[in-house]
Amino acid sequence: MQSLIWLAIAIPLASAAFLLLAGKRADAWGHWVGVVASSAAFLVGAGALLEMLGQDAANRATTVTLWEFIPGSDLSVSAGLLLDPLSITFVMLITFVGTLIHLYSVAYMEHDVARRRFFAYLNLFIAAMLLLVLADSYLLLFFGWEGVGLASYLLIGFWNFKDEYATAANKAFVVNRIGDIGLIIAMGMIFAAFGSLDFATVFAQAPEASTATLTGIGLALLLAACGKSAQFPLQSWLGDAMAGPTPVSALIHAATMVTAGVYLIVRSAPIYNGAPDAQLVVAVVGAITLLLGAFIGMAKDDIKKALAASTMSQIGYMMLAAGLGPIGYAFAIFHLVTHGFFKAGMFLGAGSVMHAMNDTVNMRRFGALRGVMVITWVTFGLGWLAILGVPPFSGYWSKDKIIEAAFVGEGWQPWVLGGAALVGAGMTAFYMSRLFFMTFHGKARWEDDMHPHESSALMTVPMMILAVGSAFLGLFLATGDKFTHFLEPVTGHAEHHDPVISIPVIIGLTLALVAVGTVLAWMRYGRADVPVEAPAGSLGTITARNDFFQDSVNRAVFQRPGQHLTRTLVYADATIVDGAVNKQARGWARLGEASRKLQTGQARSYAATMLVGVIVIALIIVVGGL
Amino acid sequence: MVNEVLFWTVALLTVIPSLALIFAKRPVHIAMSIVLVMVGLAAAYVGMGAPFLGMVQIVVYTGAVMMMFLFVLMLVGVDNAEDLRETIKGQKWIAFAAAGGLAILLIAVIGDATIEPRTGDVVGNPEEIAMVLFSEYVLVMEVLGFLLITAAVGALVLTHVPRLTPRRTQVELQAARVAAGADPVNKPMPGVYARHNALDVPALDPEGNPIEDSVSRVLEVRHQTQDGAEFRAQLEDTDNPDHEARPHGAPSRDSDTRNTREGEEPK
Amino acid sequence: MTAMSFVYLAAILFAIGAAAVLLRRNAIVAFMGVELMLNAANLALVAFAHMYAELDGQIMAFFVLVVAAAEVVVGLAIIIALFRARQTISLDEPAELKG
Amino acid sequence: MFPYLTVLIALPAVGAAALWALPASARSKARQIALGVTVIEFALFAVMALQFDKADAGAIQFSETYSWIPQIGASWALGVSGIGLLMVGLAAILVPLAMMSGWRDETDATRIRNYMALVLLSQAFMVGIFAARDVFLFYVLFEAMLVPLYFLIGGFGGAQRRYAAVKFLLYSLVGGLIMLVAVVALYFVGPGGEQAFLIDNLTGIEMSATTERLLFLGFFIAFAIKAPMVPLHTWLPTVAEEAPPSTTALLVAVLDKIGTFGMITLCLVMFPNASQWAAPVIIVFAVISVIYGALLAIGQKNMLRLVAFTSVSHFGVMILGIFVFQPTAMEGAALYMFNHGLSTAALFFLVGFLIKRTGSAELSTYGGLQRVVPIFAGSFLIVGMSAAALPGLSPFVSEIMVFIGAYPVAKVAVIVSAISVVLAALYILLTYKKVFTGPEVPSLAGTKDLSLREKLAVWPLIIAMLVLGFVPGLAIDYVSAPSADAVAHVQLEEANA
């Protein structure tokens, strides 16, 4: 099955092409083609996983070379897939969660006329994402990297007949592309330093490369990761990306695509291992983002935007972990997997709620949904417990490890990074509880025409499966450090380090903060009445509601000057560059006009001119002695 | 043969008349001055051992070329004295400066030149010239012949005035005249019936009115015609006494007015 | 006094002819100026022939004479044609040469 | 050996002559005849391409050398390396498609006949230029090319077409004249004789540094005008705006490649030292082109001008790839010449179809077309994404090869140029957003989707881009050896110096 792993990419890709080209004939059944394709990819992945588990830990990396992608004289890249524990983890996550979301979407998108197109895009996304994680070279990874960007663009803009949705799609793609510059430059650096883009070649040579080179590459890769994973300072697109249908938010903007940045950094571990400065920057960016996202999440009333902020924050955790080096890599991926489950589950829950509430997203209009949507309440609740890090649910096993790892180190770093992670946990508890209570508890604040009801089985079953994952996957994988050992061939073995504070204290502090956050949220949003209209709020609330004015900043710093620049350039091109050409043409015309005046038409003047000319020539000949 | 007398004679004979080119007003005077110059030059040629050329100079230039100039002058109007005021701004100064500069330049160059005259005296008499002309330069001669013929034909072409409209025949002229309102028949002879055949008396038409045109125009101009009315009255007196009641002179008009043809002022 | 004096004389006559061409508006007079210039050149040729005791200069002068005759014929014909067309022979009149 | 190249040149030329000789009664069939000729041309090219020895792609193949004007050393010398083959192929592929895209642009039978004949004539010249192995022949065709184009632009375009045609002509002539001086000078610098202008005889000749530099500049300026490099680019937007889109497609997609093609096959080969000498400045201008073109594309309100400016940007990338003298970048640039042809031609075709439907090229008149014409929108998005170098579509491979290949020697240039990746996304997505997304514009409600003819014109290009996007090796095999040769040539000279 491992050698057939290319089928996991090919099948969804073919299905996407088929669905796009099939036309209206396939409208009735096309979505099932999409589901089957995604399931097939999962089966291929599962087969490969089983085969891999049957092998020794040392031999678990397989490279499948398909064809010569770029047979250049200097740069030669093959279209090869690298199947190792890290990539198979992603394959499983993507295909499993993806298939569930496909199923969910069959019901969720039931009334959309363009459902077939939606599934085509979803399949395209699956294919691209699998290519991203299976690629055996940076170039091929970039291929998938851009592919998921495209799928994300298409899906965010799925309802792009609304102007703001189209804008959101554009924003996502463009911000992602800013990150792509980083990846392109990183590839340039890698090619310059190692002469190849293959992971195998590059990682084999990485330890010998200079720290400066590795730092440069690391920072460039970080830029790419920031774009794709919505990390500071390229986080602004994620909130707007919620314009897409909710299954998209669940799949792409929570579980898989946005975590590609983390994948990139973990995949590039050999490079980061040689560049401590780059690692530190990664960790700091992660820390900043996790606080930023949590802070924003505390103020958002839009359920999807709150979840998006939470995603940002959680990916911040992962980045922080990835920036810690070998001790963090495995936990970053671990958290990524558990987060994939519980966040996808919660997004699907949010979708279920929206479905019931006529696509309302304002949580101030929710409340008391526990009674009417029991399954959603339970599944969402399990996700909530998981993200809070309440033992024994999944999140506890992954997040707590990250917090512990963040406290490892020397100097100021453990205190700052660990502190951020710790505070973040409390904030997470607050905003997630706020979301949970505002939606499911308290008094019903529905508008009059709302008739909330539980969603159909096609939607609830995936939610239930994900909820089970949210509840027990962490425990299962953490038992005996199964998962970290599984990843060890890729992430490297981490020596045990003691955190600056002892582990039980950290656990205790974390749980205490989580408890405080939850209780605070209960006091304000569970027990007390939530006003339907958002109160004016403090400066902090306003700041968070407006995403730290990131859009205003971007507008003021990039968009406005950019528009002015283009406008000026358009003007300058017409007046200066083209103007210079036209002006000199006009100059020649004027010269012609002027010399025309010399032609007076007076024969005697011409004669005089001739005579003077003769004299001048004669003088030149005589005086010049020619 | 080259002596000072000859040189100075020639110099005065050429330079002074040639100045007429610049200062004289009447083209005829200028042409005559140039004739003088040509004769002076001919003298110089003869003096410098080119008697044939001197003769040719006189024949061609004074005899042919300058005469042709005079003919043309007569064709375009001899008597127009030219206004010597300059119309083009600065042309006068440019002209004098350029001519003066040219003269100075040429004289300077000539003065600078070193020429070693060869001894021996070659006389360009007709035989000598012919020997060279029809041996060494025979081809040039032929070409010159072509040139002269071409020039003659060219002059004809240039001065020939093509007929711009087709020639009008008598028939067309006649038709045009009738169309303009001319009387198609012959004019009646002057005189009143057979009674009177005087040329100065207009004929009378059948109603007895005088036909003014029948009298020669020359007589009208001279006011030597007679009024036909008188004779008519005489006729009436003899044949039809009833007409006597008609007041005398009523049909007759003032002779001046009568004699005036349409569109013509009385002289 | 040598034949060289005649060359000087020729130079002066040539300059006078040139001045006439530039100064006179009457085409015929200007044309006479041209003739004077040609004759000045002829004089120089004859003078040189005399100096070098060669006939070639005279032959050349002869040719010039013939060419001048041809030129006069055509030139005067042009002047007449000009006069017919414009009723004037002023050189300042025809302004078609104006650019 | 069958003289493929000569026949490839002669066939369309004869076709054009035949069209002009066509009796008035048969003029209505002019389109079909012209298309038939180009299809035969393409088939012939396909046969030739199959016989091309890929393993020896760096060598000149299908060589033909006949004496032409021996007195001045000019020969009728043809031959193609892998790059030349691709370029000839581009001409063979795009001309029939351009004809199809402009099938209904004209209604008058005589005008249709003239249009088709002119397009055929320009195809003959295009093939000739890419196949020429003689500098003089190259120059003659280079200039002769202007004639059909002048009439195509000036005779069939928009309101200001005459201005555009004259501007195009003047720009090209200025370049051509400078080149002419260099060509003449080359005769005296080179070996002379009856084959004085053969490129092979002009490589590696000894000349002083100043001479070489001047000659290089003579050729390079002409090529920089053709491959619109800032600040010599302003003719292109004007022409694009006024000329019929199918003509512009040919112009930008094929003809402008003469610039970059000439840089590789003439400038680098004949004047390696001067190329080295000028490279830093050229790279700076190339980078300026990349960014400047992209920024101006964003600022355009007219779609045709917009596409023209995207090409300015892309040509900048190609020139950057050529003048860093790295095998990978050179391969990328050569590949980009082909891929950009596919991509831009398709883009111009689509914009042309859109304008044909509504009569307006102004972005502001559009909106919400995606739901009205979904197939059109999808095709436009794919083609647009190819212009933005999205992986999976062939331009990506070439662009990334240029960037990666150039990075080791021109870091700053690559980093600055990479910004164009974002700018490209902006200009394509903003255009797509303005035209296809958002609320529907009522006046556009009846707009028709792509017709079969239009699909036939555009989809082959999309398929080609997809195939080459996933298996770029198909094309790289052709450009790899010649690119490496060109680079080796320059670097060899460097080693000697």
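What to note about this one:
Chains: A, B, C and D, in written order; residue numbering restarts at 1 for each.
Quick note on the criterion: contacts are C-beta pairs under 8 Å (C-beta built on N, C-alpha and C of every residue); 3 or more make two chains touch, one makes a residue touch a chain.
These numbers come from a predicted model, not from an experiment.
The chain closest to the protein's centre is D, with centres computed as averages of CA atoms. The chain pair with the larger count of C-beta pairs in contact, out of B-C and A-D, is B-C. Remark: chain B and chain D have CA centroids separated by 74 Å (rounded to whole angstrom). Between chain B and chain C the centroid-to-centroid distance comes to 26 Å (mean Cα coordinates, whole Å). Separating the CA-averaged centres of chain A and chain D is a span of 37 Å. We define each chain's centre as the mean of its Cα atoms; on that basis chain A and chain C are separated by 96 Å.
Of all residues in chain B, those touching 2 or more other chains are 88, 91, 94-95, 98-99, 102, listed in ascending order.
In chain D, no residue touches at least two other chains. Chain C has residues 18, 22-23, 25, 92 in contact with two or more other chains. Taken together, the chain C residues at the contact with chain B in this complex read 1-9, 11-20, 22-26, 28-29, 31-33, 35-36, 39, 42-43, 46-47, 49-56, 58-59, 61-63, 65-74, 76-81, 83-84, 89, 92. Remark: chain A residues 20, 67-75, 79, 139, 142-147, 150, 153, 157, 160-163, 166-167, 169-170, 173-174, 177-178, 180-181, 184-185, 187-189, 191-192, 197, 565-567, 569-570, 573, 577-578, 580-581, 585 touch chain D in the complex. Chain contact summary for the complex, chain A toward chain B: residues 600, 602, 604-605, 608, 611-612, 614-615, 618-619, 622. Of all residues in chain C, only 18, 21-23, 25, 30, 91-92, 94-99 touch chain A in the complex they form. Every residue of chain B that touches chain C in the complex is listed here, in rising order: 2-4, 7, 10-11, 14-15, 18-19, 21-22, 27, 30-31, 34, 37-38, 41, 44-45, 48-50, 52-53, 56-57, 60-61, 64-65, 68-69, 72-73, 75-76, 82, 86-88, 91-92, 94-96, 98-100, 102-103, 106-107, 110, 115, 117-122, 124, 128-129, 132-133, 137, 140, 144, 147-148, 150-152, 154-156, 158-159, 161.
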